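Look at the two complexes coming up: chain A is in both, with chain B in one and chain C in the other.
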Partner chain A sequence: MASIGQFLHSIPVDLLIIQTINGIVTGMILALVASGLTLIFGIMDVVNFAHGELFMLGAYMGVVAFAMTGNFWLALALAALIIGIFGAALQIVTLRPLIGRSPLNTILATFGISLVLQNYALWQFGPVARKMAEPISAEFTLFYLQYPWYRIVIALLSGAIISALWLFLKFNRYGVWIRATTQDRVMAQAMGIPVPLVYTGVFGLGAAMAAVSGVLFAPFGGVDSSMGLQWVLEAFIVVVVGGMGNLGGSIVAAIFISLLEAYAAVWLDPSQAVIASFVVLILTLLFRPTGLFAAPK
Partner chain B sequence: MTSAPLDKGLPLKRSRLSHTATYWLVFGAVLALLVAAPLVLPVFWSGFLTEILIWGLLAMSSDLLIGYTGIVSFGHSAFFGLGMYGAAAALLLVSPPNLWLAIVFGLVGAAGAALCVAYFSTRIRDIYFAIATLIFAQIFYVIIFTWTSVTGGENGLIFDQPHFAIPFIVNVPFHTATMHWFVLAVVTASYLTLRRITQSPFGMVLQSIRENEARTRAIGYPVERYKIVSVMISGLFAGLAGALYAIQKEFAAPDFVYFLTSGETVIYNLIGGVGTLVGPIVGAGFFQLLRQFMAQWFGDQFPYLIPLGLVFIAMIIFLPQGLLGFARRWLNK
Partner chain C sequence: MTEKWKEEKWAADIWYRGKTTRRRLVGWGGGAIGAMMLVPAPWRAAFGAAKPYKIGSEQPLSGVGAIGGKTALVGLQMAADRINKNGGINGRPVELDVVDDQSSPAVARQKTEKMVQEDGIDAHVGGFLSNICLACMPVFEHAKIVNMISVCLDTTLTTSHCNRESFRVHDYAPAQAVAFGPMLAKLAKKWHIVYADYAWGQSTRDSYAEEIKKNGANVVGTTGIPLGTADMTPFLSKISGNIDGLFAILFGKDGVTYGNQAYDLGLTKKYVSAGDGAVCESSNMPALGKKINGFVGINRYIPVFQGPLNTPYLHAFFDEAKKRLLKVDPSGPLPDRYVQSNYEAMNALKQAMEASKFGGRADTPKLIEALEGMEMKEGYDFPQGDKTLRKADHQAFLREFLFKIVNDDYQLLETVAKDKTLVPPACTFTA
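Up next, the complex of A and B:
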């Protein structure tokens, strides 16, 4: 009994609470990235390898726009708009010709896009990470830390965007188009929905969401050209664990994975904490290949 | 087997040589050119050609999965890297360094990684398989990168090149040309083995999985087991490539376990033409040559992956069979 008591005492409760908040904040950003990814997959069967690069480019756009306008929220909107349009253009040029081919062709095409974009960013912006000031500098005391309010705002904002997306899909006319196309694209086309346009729109929407998450993340992580791969890997894990094409599942999974990594980071080196989410993924693939939170079909 | 009566009814203009004879003539001619290359080429280009052959072997191993089993692996860097670090272990731990031991260690390392990846990833299909292999490769990368005391972490490992030794017969240090011939011999043997595998009944089952997995399962083949074995074979040849690379370059570095190596392997396949085995070697050569030329024209810092990535995307859209796609049936006959 004494050893159990000792063990319980050795658990750093304050650190765990801090990590819980950190995990939820990262989880909300990840949920925003993953919901774009899962939306694109759900509607087009495209696993978008370039999603992390859109996230990264969005962050860079935010840094550049912030330097020009001096207003963080304006920079956020500009980055979302530019990357959204860019994403739509990308879809028209590279993915539209591949409609109807094997899904492996599209995954390879998006992989090529991601290589090009990543190297372009490295070439354009250099290897040194860019910093971005937090737009809200207020802090509150959390145990021995001064915890920035900005992170709490990010979590709430991400939640608001995801809710807005849900409402859009549920009630808006174009949201209904998207859901109809996801369910049965042939029938949707027969009912007069311009399916190719919906594809392009969804890709642009997903890209814009990735860009927003990139800008939101930029102030506390720094921006460099290799951040995309790391985020897209996490988002892949989330999307698989949550069930491909399942929006609600991927949000739950994003928070779950981020919390797990945050707790693992208490005891492990942060670079090794990633392995925790890898293990979750492998277990999911073994026992529930359709995703932990997938609705049974 | 005599040809079916159907063939006789077709009065097509047939070449005077049989398909087999033409195939082996072309094979011999290409092989002769490759053997003669180090005698003609300057030292740098000869070493470069050796490197292309090694990348070609890696790409060829991946082609067994992409072109024949019909599953895309984004995790070949793990097999390549484990082969590389396996060879490094043998060269560092055993003195004097032994060539054959290095290769055996490399193969064992790659086999371990392949077993792990194959067992877990083959349960899932298509895109999920690609993602799972990618994540496995990333796990190996994180382990190798952070386990500094054993793997040297970011700096990697440096070691001496082993001698070319056959016990009691010969024991000479490698130089550029002999290294080239050695690698060429290994790659040629691997090609012939892989070709034999793809033409065997086992290979036919793999191709039937590619064409229609559900039907193959319905006929009664244990599809998962065939996939596991094909991933294992592919991983072994990738590990062989890794071991050869370690022996040629005398170092092992975590960069090669990184995702980019897997990605480039897939690019070699797509550029050269999947399902041809030799196509990926051509693709590797094309890719490495373009990269080398760009480095010479625009400087080392030139982001060669931008133009090469654009070429790659254009090829997926306009020429999905790759450079050697036109010869696919001929090569597999």
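Up next, the complex of A and C:
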């Protein structure tokens, strides 16, 4: 009992509160990246390996648009629009011809696209990281740290975007088309829903969400051709843990994994803390392969 | 469906009237490619039938190390072009055999084996990521090929992992720590070290911790950050307590992430901010902006011409490198230490090849002998300054520059002579 009391007494409450905020902020960005990924998988059965590159291209578009307009929020909207259209075009050219083929074809195709896009960015923009200034530079005192308001704004904005997506899927006519296609694509087509168009729209929407995440994250560490790699790896873990294609599950899993890593960092080395997400992934695959929050079939 | 375009006159002219047939197209195309292959490379005319020296170079041109690898290659190509323009080495041109290691030790090892066994390279100049240098060094040792390490900074490359074939023509952490230690101890008494959690970061952390203690200050905590961590905030948030200095050992994109996020959390405003020059390498500066102001660092090369750096050699190097870097990156980055050390490693190899009258791989022992203890004099080949390549461990010693970032630019604080950076050798070559 005494040792438990001693342990509870030794818990640094200030650091736990800081890590809770860190975990939620990181989790919300991750949820935004993962929601695009899970949306594409849920509707099209496509594991999009190029999602990280769409995240990166979105950030580059944001830098270019910001340089032209000088307005971060306008740059964010323009980047989402451009990458959304680009994503739709990409789906028409590369993935639409593969509809109905083995999933391995789409995996290889998206992997190929990711290599092409990454090397294109390296060639077009060069290896030097670009700066994207944050729109809000104010900060507040959080115990011993000066915490940037921008991180809080990102978390709120990510939440708002995901909520808007949920409302769109629930109440909008086109959202109903998407849900119908997810449930039974043959029946949806028989009812007159243009399924190929739905696929294109969903891929474009997923790409736009990746672009938004890229622009929002850009002020944290600059923009370069490899910036999407780590996010997309974590997003894949989130999507598997949350249940492939389950939007709500992915959001909960993103926050859960980010909080877990943040809390682990209180007691463990960073290199050990990042293993936490992989442990969750392995346990999920072992005991609940369909994901922690997968809907029963 | 009728393809109407086939009926158009322009289409009939091109396709159906036999003016352009598939056979002709293939024939002319093949002929053109063959003709291009017969046209000699620009430098070939100057060397006649002389067989070129084949110099292998393994660089990270994609993956996490691409930021540095792309600029590193600029330095190597710049040196090779200059050598060929000035008559080559021993009257023979230099031909580079560059491979992309994709920032992966496994890929690097495989491609290095290919360079050695199939491409038949005479020597190697390259290596950017320390874990890749460590993985590939045994290949050169086994094949008896000279390996000029051009960027890797892990201390053990010339200490516990040293071998007869490998040479490092630039500095390493123990020498940097000796040069920087006295200033660090004056700047702060209690340091926290944030380092890249892999070979280079760990060995550099140990060197600085030792020198900081020797100079009367202390390291009270360390935080190792895995390579490529996009959000360091959860780890940096832990740094608190009774410290007054924050020392960073990170490079490439991680340097940018650290600089931005440590500033955002108020850490680099609250504590003295210092570290390895790689954090604010010139290729990182655009993405760091004003957030890195106040950082005190050490580097073997900074792209400014203050005081002793105002030499015609550094001006010539800077101008040529800047022109070439613009072709690699449209934002026009300034040369960094990766460009400098690749440029000078190739020139060091040239100097030794000339001194040993190197003819090919069979002459490797003579080449090693020429490199051991070689003196390099400040000039157009070695714009950074004089260097000594120590025989005992194949480690070079050179002058170091201590600087501070003021108004988004480097301000030279002090130049430490190469003799003041000496540390005892810690290498035992196997027979």
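Going forward, the second predicted complex is superposed on the first by the 278 of 297 C-alpha atoms of A that agree within 3 Å, B and C clash if a C-alpha of one lies under 4 Å from a C-alpha of the other, contacts with A are read in each partner's own complex, and residues count from 1 in each chain.
Keep this in mind: contacts are C-beta pairs under 8 Å (C-beta built on N, C-alpha and C of every residue); 3 or more make two chains touch, one makes a residue touch a chain.
Computed from a predicted model, the values in this text were never measured in an experiment.
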When chain B and chain C are modelled together on chain A, clash or fit: clash
Which superposed partner A:Leu104 touches (first chain B, second chain C, both, neither): first
Contacts of A:Phe140 with chain B and chain C, given as first, second, both or neither: neither
Chain B versus chain C as contact partner of A:Leu286, first or second or both or neither: first
Touched partner set for A:Pro127, first chain B, second chain C, both or neither: second
Superposition-derived comparison: chain B or chain C, residues of chain A touched: C
First, second, both or neither for A:Trp149, with chain B first and chain C second: neither
Touching partner for A:Ser271 - first (chain B), second (chain C), both, neither: both
Chain B versus chain C as contact partner of A:Ala262, first or second or both or neither: second
Touched partner set for A:Asn119, first chain B, second chain C, both or neither: both
First, second, both or neither for A:Asn22, with chain B first and chain C second: second
Stretch of chain B, among 149-157, 221-229 or 311-319, that runs into chain C once the two complexes are superposed: 149-157
Chain B/chain C common contact set on chain A: 118-119, 122, 229, 269, 271, 274
Chain C - residues contacting chain A, complex: 62-64, 66-71, 197, 223-226, 228-231, 233-235, 237-238, 240, 253, 256-257, 260-261, 264-267, 269-270, 283-284, 286-289, 328-331, 333
Residues on chain B engaged by chain A in the complex (per definition of touch): 72, 120-121, 123-124, 126-128, 130-132, 134-135, 138-139, 142-143, 145-146, 259, 263, 266-267, 270, 303, 305-306, 308-310, 312-313, 316-317, 320
Residues on chain A engaged by chain C in the complex (per definition of touch): 15, 18-19, 22-23, 25-26, 29, 118-119, 122, 125-131, 133, 139, 144-148, 150-151, 217, 219-227, 229-231, 261-262, 265-266, 269-271, 273-274
Residues of chain A touching chain B in the complex: 47, 94, 97-98, 101, 103-105, 107-109, 111-113, 115-116, 118-120, 122-123, 229, 233, 236-237, 240, 244, 269, 271-272, 274-275, 278, 281-282, 285-286, 289
